[in-house]
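After this come two complexes, each holding chain A, first together with chain B and then together with chain C.
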Partner chain A sequence: MSIEDPRGQIRGFIAGKFPGIDFADGDDIFALGFATSLFAMQLVMFVEKIFGFEIGNEDLEMSNFRSVDAMVALVGRARDTVAIGR
Partner chain B sequence: MAVSSPAFEPWSRAAFREFVDTCVVPYADDFDRAQEIPASLLKQVAERGYWGAVLPVSAGGSGLDMVTIGVLHEEIGRGCSSLRSLLTVHTMVASAVRRWAKAEALERWLPGLASGDALGAFCLTEPGAGSDLTSITTTAIRDGDDYVLNGTKQWITGGQVADVFLVFAKTERGLSAFVVDAADPGVRRKPIANILGTRAGMLAEVLFADCRVPAHARLGADGAGAMVATAALDLGRYSVAAGCVGILQACLDASVAYTASREQGGALLREHQLVRRMVSDMVTGVHAARELCRRAGELKDNRDPATLSATWVAKYFASTNAMRAATDAVQLHGAVGCADGHPVNRYFRDAKVMEIIEGSSQIQQLVIAEHAYESSGQP
Partner chain C sequence: MKRVGVVGAGVMGTGLAQNLGQCGFEVVLTDLSEDILARAAERIRANVRMGKLLGNGGPGFDPELIAYSTDYQRLAEVDFLIENITEKWDLKKEIYPRLDAICRPGVVFAANTSAISITRLAGLTGRPAEVLGMHFMNPVPMKPTVEVIKGWHTSEQTLDTAKELLAGMGKEGIVVADAPGFVSNRVLMLTVNEAMYLVQENVASAEDVDRIFKSCFGHKMGPLETADLIGLDTILYSVEVLYESFNDSKYRPCPLLKQMVDAGLHGRKSGQGFYTY
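This part shows the complex of A and B:
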């Protein structure tokens, strides 16, 4: 893992893509209407690039990318997996 | 069709070009007429390691970077859009399986997809659903440890010969993706003949009737099909864009050669200013499209999310310019270019298909413009 502030990084990525949009960490960004399944794929790529792991088959799920909280949890689980594997 | 000894670095444009010029270009019009790519050529593609180009060496693939894959698909596309289309869909399937298949499906399919012993085809489009994924009606109903698939897929490139299908179907949780053995008794295929372009792409309608697949054949989580499709289509779009650069180059090469030798009214065609305008547009188009593809490939290699929008732009530009170049190439060749069996006749028909597949030009325009509004803070 390359950074220590996943929440800030994820918020920053979303805010950078949608300037001027207000959203809370627990908000479903897809339900808010500004994010699409195309953006979901951008989120997958962003998470993989910034946090240095590939989204595995069972983690490829929209619910993991619906909110900042969900993505932070996904990154946390991946870190735990890496730590256990060491 | 013997392959000459590679005199170049195996993963260089020169090596790809030598293969295409030796094994593809001389026969492409025959393939188009026969509406078939011979098994011997499919085997040669396998021997070169092109089917598994996108897969890492650890998975049995060639481990090429995306920029080099773009060059490969451009060169194949220069020779034969039908063969490039087969490579496109196989690459989409192989990449998706490697990334999101479960262990059982990986073990079963990945070695064959890497070597080319098992050809993949992408089953998304239906008679009533193309770019709109929400309109898909094929269903996958959970039954114990299995799913049972029912539905019809249309315009499936490679559908006549594929060994494995990546099928998109609706479950209770939404669109999902499944790896399906083409030999399953619940699978039936009907060849599609006389399509306008990519005529040797061996397209088929693929029907699933109570086709039972194990639960581990699902890629990603239940309901994650849209994400699998988005990733696969991005890769397919990149391949098509690169293939269009190949069409552009082929149109340019043919047009320069013809207008430099054809006399009209006592002068070579090349001496006419209006002819030069068409040639210069082709030159500009091929350079610009190639650079857009290279940019999209670099972003993919860097795993940069911006590659998605860069790929839309590359595909839109390359496909529309390929169509324009092919139109001009036929115009420059006159009646000769309209004749059955002439390469520019084929480029013209193939280029039209490129404006439709992997997202039509109109869909690309909508998405590109939407992205412009989003990124300027006006979603």
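This part shows the complex of A and C:
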């Protein structure tokens, strides 16, 4: 895994925090009951630290952190923005 | 009332500064070191972001509204003062005369204390009519009600000024008389302390004690989750104050609480208390 593998990084982070829990990339991890709202903020900090960008206020929405797919999409959008900015 | 001084940038002072900033007040937040203030600024930023994420934290605000300073002379500028330093009488008795000398006459002093006598604190100043208690709850920005304590000499005008500030923060106060622990902590601290005895005696796990309060009584949080949120060190101080105030053994601190505090298990803020964070 590397920052070139956001899906693997994000899955690995969640699985590390909740060993033995089975979840699919499209699952709402909060609806499944094992992740709490406090964990949502840990996800924000993890994504910012690992992928090296600050999540803007407009993207600080739970919908962006409910599933691995949603977070991968968020990272992808941020990279696109950086690429366009360059 | 435009500018509010907040003395002490711990959990409560930080929450207060955030709440005041979100409501458009200018804030002078003071503490002993630049490190503490830097951590406070970071916590405020993180809390505002978390509130945005969860949709329950109030509006964003101009960070410039909060001035961070280790220079207590900056408090000469404030229109209202809220003191939130550690719940230790020896510290409080040092700071109140200093604050009294710095702040303008007539500026109201609110002690955000959970247990120390307001009348006794007021006696440290030359403005006892302008001193009252305002016991904010944690997390401050999310709690709409404040226990307001009228000391022996507190004037009606002071109470009105405090209510005006609270209204500006979107909160209301419930006024009670000055007695050790007031209403909230006299009941809560005894409950929390007794819950710790239950864990110490292996009557029930922390999880099961909390489940009983939540499932049977409909409480949002159990007593031990609440203790972790408040901070076990703060709980110990508060129980000790009650014990010293009443000289009644029913307020004796649970040995498990003392041991956890000694071990650095202070609850959420340390990452470990009765639960792991």
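Operating definition for what follows: the second predicted complex is superposed on the first by the 84 of 86 C-alpha atoms of A that agree within 3 Å, B and C clash if a C-alpha of one lies under 4 Å from a C-alpha of the other, contacts with A are read in each partner's own complex, and residues count from 1 in each chain.
One rule holds in what follows: contacts are C-beta pairs under 8 Å (C-beta built on N, C-alpha and C of every residue); 3 or more make two chains touch, one makes a residue touch a chain.
Nothing here was measured: the structure is a model prediction, and the numbers come from that model.
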item	value
Partner chain in contact with A:Met62 - chain B first, chain C second, else both or neither	both
Chain touching more of chain A, residue-wise (chain B, chain C)	B
Touched partner set for A:Leu32, first chain B, second chain C, both or neither	neither
Partner chain(s) touched by A:Lys49 [first = chain B, second = chain C, both, neither]	first
Partner chain(s) touched by A:Ile21 [first = chain B, second = chain C, both, neither]	first
Touched partner set for A:Ala40, first chain B, second chain C, both or neither	both
Interface residues of chain A shared between complexes with chain B and chain C	37-38, 40-41, 44, 57, 60-62
Residue numbers on chain A that touch chain C, as the complex places them	37-38, 40-41, 44, 57, 60-62, 65
In the complex, chain C residues that touch chain A	46, 49-50, 52-55, 60, 277
Interfacial residue positions of chain B with respect to chain A in the complex	99-102, 133, 219-221, 223-224, 226-228, 230-231, 234, 302-305, 307-308, 367, 374-377, 379
In the complex with chain B, residue positions of chain A that touch it	17-21, 34, 37-38, 40-46, 48-49, 54, 56-62
